[in-house]
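Please go over the structures that come below.
What follows is chain A paired twice: with chain B in the first complex and chain C in the second.
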Partner chain A sequence: MAVQEFVSPTSLSEAQQAVGDGTASSWLAGGTDLLVGIRLGARDPARVIDLKQIPELTAIQVDETAVRIGAAASAFDVLHNSDVPSQFPGLAEALNLIGSTQITGRCSAGGNLCNASPAADSIPALIANGAKCRILGPDGERTLAVEDFVVGPNQNALASSELLIELILPRPTPGTSDAYLRLTPRTEMDIAVAGAGVSITMDESGECTAARIAIGAVAPTALLVEAAAEALMGSQLDQTAIDAAVAAVRAAARPICDKRGTAEYRIHVVGVLASRALANARARIKKAHS
Partner chain B sequence: MNKPLNKMAVQATINGESKAFLCSPGQVLAEVLRDELELIGTKIGCNTGDCGACSVLVDDRLVCSCLVLAAEVEGKSVLTVEGVANGGELHPVQQKLLEHGGLQCGICTPGVVIAAKALLEHNPYPTEEQARYWLAGNLCRCTGYDKIIRAVLDAAKTMRGGAA
Partner chain C sequence: MNAYQEFKIIGSRPIRPDGLDKVTGRARYGADLNMQGQLYGHVVRSPHAHAVIQSIDCSKALAMEGVLAVMTGDDLVKPGNEMLGSGEGAMALKDLVPMVMSQGKVLFHSQAVAAVAATSPELAAEASEAVEVAYEVLPVVTDLHKALAADAPILHDDRFPDGYPDEPTNLATHISLTVGDPDAAFEKADVVIEQTYSVPMCHQGYIEPHACVARADAAGRVDLWCCTQGHFAVRHYTSAVTGIDAGKIKVTASEIGGGFGGKTTVYLEPLAVVLAQKSGRPVKMVMDRGDVFRATGPAPGAETKVKLGATCDGKLVAADVECLMDSGAYNGNPAGIPAFMATACYKLKDARSTGRSVYTNKPKIHAYRAPSIPQVTLGVELAITELAAELGIDPIEFRLMNAVEEGDANMMGASYKRIGLRECLEVARNHGHYKSAVAEGAGRGVAMGYWINAGMQSSATLNVIADGHVSILTGSPDIGGSRASMALMASEVLGIPFEHIHPQVAATDSVGHTDVTGGSRTTLATGQAVIQAAEQCVAEMCRRAAAEWEVEPGLVSWSQGAAHYGDQSLTFEDLAGRAGAMGGPLTFSTSLTSTSTAPGFGVHICDAEVDKETGRTTITRYTAIQDAGKAIHPDYVEGQMQGGAVQGIGWALNEEYLYSDEGALENPGFLDYRIPVASDLPFINAVIVEVPNPLHPFGVKGVGEVPIVPPMPAIAEAVYQSTGVRFRDLPLNPPKILAALANS
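Up next is the complex of A and B:
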C-alpha cells in the first residue's frame, strides 16, 4: 500500500469529515515522525490529513490564564515567534532539543506528544508545566492531562477518529519557573538516555510552595513523580529536600538496558538531571525576583 | 489531457518562478524537485531527515525536503540551491565555501548552502557555536566541518558589509 490521498482541511469540522469514513488515515503535523514511519513501513495510512491549514492547530495564544499551543504549531514558531520561551524556558529548552534546525522547523509539541516516544524531549517538560490536551472527537471535546495521554511506547490515548487540537498550559504564577535537561552521548542530533523536566514555585521567603517533576526515557512513558514533588513542598530547596526528591525520582524510574545505556546508569543519571534542573529553575526564579 | 490516476496537481513558486507539477499523494518534495522539476542540486542522502543533504526553504523556513510531502507546498514558495546565486554571481555563502575549501565531494554542499543562508538571514551575527548548532543537521563526511564553519562566519562578515 501507499498513500492514496492527501487532504488539507481548513477547519476542525472539515478535519472531522475527512476522518469519518473508516479509511485508514493519519494526521499530518510536521511529518518528522509520520513520513519516516511511512518510509520504514511502520505506518501505512491510505489517507494523510494535513492539519496545518486549520488555524486552531497552528496558533500560539497567550491570554491571562493560559498559554495555548496549537498541536501542529512548529517548534520553530514556538521558539522564535511566540512568548512561550519567556513563560516556559524549560519547555523551550526541550523543544529546541528535538532534532536539527531542519526538524525544529517542522516538528511540533503536539506531534512529539502523539508520537509518544518514551524518550520524547517535550513530554516531561509539558507534564512538569501541568499541560492539558484538548481533544476533539465525533462526540465532542474532552480534556486529558499530558501524563495520562501517553499510554505506552508509541501509544497515545486518542481513538482513531480523535484529534489533538491544542496543548493548554496554565500561566506560571509569580515565583514559578521551569527547566528541562537531558543526557545524550552527542551534543546534538541524538535521543535522550534520560531526561528530567521540573517546574517549581517559591515564595518570597524561598519556601517551595508548588512543584512538579517529570522524567523521560526511564520508563515506557514519561512519568510524573509526585513523591519527588512532595519531598520539595514546604522546604527551602535545601540539600536534604533535593536529595529526597532525587531519591524519589530514582525510585520511580524503571528503565530498560539498550545501546544508549544500562538501566543502572539511567537510574543514576535521571537523578542527577532532576537535581540540576531544579537548580536551573531555582536560579531562574531568583533572577526574576532580583 | 486527463491527469494520471491518483496524481495531484500542485502549483508553487519554485526559485521565484511559478511552477505547476503533478505528484502522488505520498510523494516527498525532494523526489519531485529532482525527478519532476529536474532540480537535481538538491541531494537525497538518508531520506529520513538525519543528514540535511535535501535541505530547502519552504516559505523561508529551513526544512528537509525528504520530510515534506510535495502536496504540502501548494501555494508556497520553495528555494533550492539552484535559486541561491544571483545569475552568474555567487551568494556570499557559496563564494566563501569555495574560498575556504568548505567542500570536497559536494554531496552535502547544496544543503549546507541553503542552511547557512537561512542562518544568516535569521541571525546576521552568529557566533561559531551558534553556527555549529544551526548546521548540526547537515552532515559532512569530508571536511570535518571546520572549513564550512569558517566559510559561513566569513560569509556573515561579508553580508554585514565587511564589518566585524
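Up next is the complex of A and C:
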C-alpha cells in the first residue's frame, strides 16, 4: 500500500480530527525516520498527518521554570534559534549529532523520541535533564517522563490517536550542567554504538548535590541509571566516585551483539563515555562558577 | 624526449567546462532523462544466495493492468565459451550474462531472476511481487577457506581451472610466476619476515546508482541512455547479452556520479532494452542503493601471505607472495594482478608470486580502482615496514635502497622506462610532514604503491566552428575532469583560448571507438587523440595559409593561434571564418591504440591517533605524493590523489561487506557501510611529482588508480605506531582495535 492521504492541519483540534481513532495514520514531523521507513517498507501508513503547520508544535518557549520544545520544532531551530544550547549544552550536543547538517534541518527532538530507536541520540540527553512529555489524546492531556515514554525498540507509550505536543525541561538550577557523548565509527551520518547523557549539580564546595545519568544503544530502550547517580551524590566527583558510577553504568547496560558492535565492546565503551561526559559537564560548571 | 617541452596553458587550473551545471544541479545524470510514454522497469531478485530455479510464472504480473512486459533469463542469449573484449577488459560471456539475469540457477542473494515493465514505478514494484518463482534452496558458502574445503557446496560443476581437470572445485583461477630461485635466495637472507594479511570485500561506493532509459524503434534499432564509464563497452556487452547487432544499438553516456571501475559493465541496460523491445515503449530503470550493494560487483576480499628476505645491509633478496582472492559467484579474474604485480615496486631477482581466486555465493567481483593491487599491497608494504624495523633502517630509506628504477625488470619480464618512484620517495623523505615530530599518542605510517596504467583505444573528433571556436568530441565519459584536460591540451596545440574550446562526450555513433574511462588511461590516451587531431588542424591551417600566400607549406609556422610567414599572418579565427572558401570544413578525426602508457607510483605518509579507551582511530595528518608525469590540470590530479586516499582510508578503517550465514548482505546501505564523510578526514595534502613520460607528447602518466594503493598499509602502520599492537587484518574498526588492545 502507498500513502493515500496527506493532511496538513493548522491547529491541534484539526490534528485530532484528522487522526480519528489513529488507525493507519502516522504523524509527520521532520520525516527523517518516517519517510525512510515508508521507503524501506517498514512503515505503511495510509494517512500521513504533517505537524509542522501547527504553531504550538514548532514553538520553543522559555519561562521562569521550564524550557518547552514543541514536538515538531526542528533540531536546527532548537540549536540556532533558541536558548536551549546555553541552558542545556548536552542536549544541544545530542541534537547536533543526529544525522548531518541537512538532517538536523528537518528532524525534531520530538520525532527522535517518538521513533524510539534504542540508539537515538536525544533520548539519553532528555532523560538526563529530567524532560517530561506533554501528550494530547481524545480524553485530554497527560504527562509522562521521557524514561517512561519509550517502552521498547521503536515502541512508544502513545495510544494510536495520541499526539506528543511538547517536551518540558525544568530550567537548570545554579551549578548544574549537562553533557552528551556517543561513539560512532564515523564523525557524523552514523548511529550510536553507545551513548551517555549526564546532568549534574555541584554546590560551591564542589559537592555533587544532584545527578542523572542516562545511557543509550546498550539496551532495548535508553536507561536512566539511578545507581550511577547515587554513586556520585555527596561526592566531590573524585575518581572513586566516578569509577563507581562507571561500574554502575556498565552493570546496567544489557546490549546486543550486532553489526555495529559486540555487547562486550558496548559495555566497555558506555562506561568510558559516561566518565567523559561527567568530566565535560563538570568542566562546564566550573567554567560557569569562575 | 617529449615532443612538447614548454607549456603555455598546460599545468594551469581553469574552471572545468561542466562545473557550473554540476554545482547548480542542471547536469543530467543517469536517472535524469525521461522519455514520453516511458515505462518503469523493476527487477525481481532472488531471496536466496544459492538455489536452483524450478519455475518462474510471470502470468499474474503480466495480467495486471498497466504491466506491459515481463522477462526472464530465457530472453537473453545462452552463453557458451565466447570471450568478450581482449586484454584488460577480457571477460567470458558466461560470467557476464548471469550478472544481468540468472538462467536456471542463482548463485548469490539478490541476483536478478526476472523483470517487469509497467506504467509507474509503484506498479512495477507491485507487479514484481506477483512474479512467482519456485526455488530449490542449496547450501551457501561465503568464506574463502570454507569454499575450498572438501565438503564445500560447489557453485559450478562444469568449471575446471588450469591444472585441476579432474573434479569440480570452487577454485576459479590459479596463476603463479617465478623469477630466479627464491627458495635458494631465502637461504642467503639474514632476516626473513613471514606473515598473513587480510582485507575484506568492499564496494566502490559510487554515489550515483546505476540508471538507464532504453527505447527501441519500429525497425528494431535501440537507443540507450545510461550512466557508465564506457558507452562503447555498454554497446558491446548489451549486444552480446541480448543478441541484438551492435550496429543497431546507439548508447549515450549521461554525466556520471562516480564509478571507480564499477561502471565498466552492464546490469540494467540489457534488461531495459529487452523490456523496451517487448513493450514497444521506452523503459527506464533505476537501481536502488540496496541493490547496488547486493547485486553489483564489489572488490574482492583477499588474504595475502607474504614472505620477504633481506640481508643486513638492507638489500631485499627474496620474496614469495601468495594471494587468495574472492571471485564471487562467477569469474571476475582477480588473481592475475597479484601474481604479476605484487612486488612491482621492488628490485628483485628471485621472487615468486601466486594468485588464486575462489567462487563464493556473493556477487561477481568487478573492477575497483587499481583492481586487486591494494589488497596484496597491504601485505607487501606492511611486511616491508616490518623488515625495515627488524633491520633498524628508516622505512623510506629501506624503500629507496630497493625501489625499482629505469632498466629494472618486473615479474612480467618487461623493463621499466623512465619512472618516478625514487623521486617520490625522495620528496617523501624531505617533506615537512615526514620530518615533523609525531604528536603524542599518534603514530605514523609510510607506504608506496604501483599501478600498471592502461593505454587502449581512443578517438577524438575536432570541429572548427566559423567563429573560431572549436568543438571536441571524444568517447570518454568524464569521470574526473577529463573534459577540462582535453580542452587544455587542444588549447595548448592550437594556441586559442581555453574558453573557445568546447569538449563533449559524444554518443557511440558520433565518434570513433573508445574504450572505457578506466585504467587511468583517459587523459593519456584520449588526450593523445585530441593532441593529434589538434596537430592535424594546425597542419591543415598552415597548408591553407601557405596556399593563400603562395609559399611552400613548410615555410609557414604556427604560434600564438596564427599561421605566420615573414610579416604576414592569418589567425585561427581568420582561417575558421574563411574555411568554406579555403578548402571546406575543418574537421579532424583521430583514432589510436595507445602505446605510450607508463606505470604510476605513489608514496603516502599518514599520521593516525587511536583513542586507547574506545579503539577509535582518527587520521590526523595525511600526505599523498605521486608521479603524474605531467599534470595537465593539477586540480584534477590532486583530486584523484585525494579521492584515492580517502577511499583507502575508508577501506582501512570501516568499510566491509558483512554477510549472514544465509548469504544475505547485512549492511546494504551507507549507514552501515561506512565510507568516510568529510568530517572524518584531515586535509589530504597532495604533492605532485613530475617525471615526464618519454612516450607521451606531453609527458602524461595515468594518475587515477595509484592513490588507492598505499593508504591501507600506511594507516595500519600508523595504528601500530600509535598503539604498539600490530594489525594485519582489516578493517581497523573500533571494536577490533579495542579487543586487540585488551588482549595485548
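Throughout what follows, the second predicted complex is superposed on the first by the 287 of 290 C-alpha atoms of A that agree within 3 Å, B and C clash if a C-alpha of one lies under 4 Å from a C-alpha of the other, contacts with A are read in each partner's own complex, and residues count from 1 in each chain.
Please note the rule applied: a contact is a pair of C-beta atoms (placed from the backbone, for glycine too) under 8 Å apart; a residue touches a chain by one contact, two chains touch by 3 or more.
As the structure is a computational prediction, the values presented were derived from the model and not from experiment.
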item: First, second, both or neither for A:100, with chain B first and chain C second; value: both
item: Winner by number of chain A residues touched, once chain B and chain C are compared; value: B
item: First (chain B), second (chain C), both or neither touched by A:269; value: second
item: Contacts of A:2 with chain B and chain C, given as first, second, both or neither; value: both
item: Chain B versus chain C as contact partner of A:158, first or second or both or neither; value: neither
item: Which superposed partner A:261 touches (first chain B, second chain C, both, neither); value: second
item: Which superposed partner A:188 touches (first chain B, second chain C, both, neither); value: both
item: First, second, both or neither for A:28, with chain B first and chain C second; value: first
item: On chain A, the residue positions that both chain B and chain C contact, one per complex; value: 2, 100, 187-189
item: Chain C residues within the chain A interface of the complex; value: 122, 613-616, 653-654, 658, 666-667, 670-672, 674, 676-677, 679-680, 733-735, 738-739
item: List of chain B residues in touch with chain A within their complex; value: 6, 8, 24-26, 28, 47-50, 52, 55, 61-64, 66-69, 71-72, 74, 115, 118-119, 122, 133-138
item: List of chain A residues in touch with chain B within their complex; value: 2-6, 8, 28, 30-32, 35-36, 38-40, 48, 50, 52, 74, 76, 80, 99-103, 105-106, 187-189
item: Complex contact set, residues of chain A against chain C; value: 2, 100, 183, 185-191, 193, 259-262, 264-265, 268-269, 272
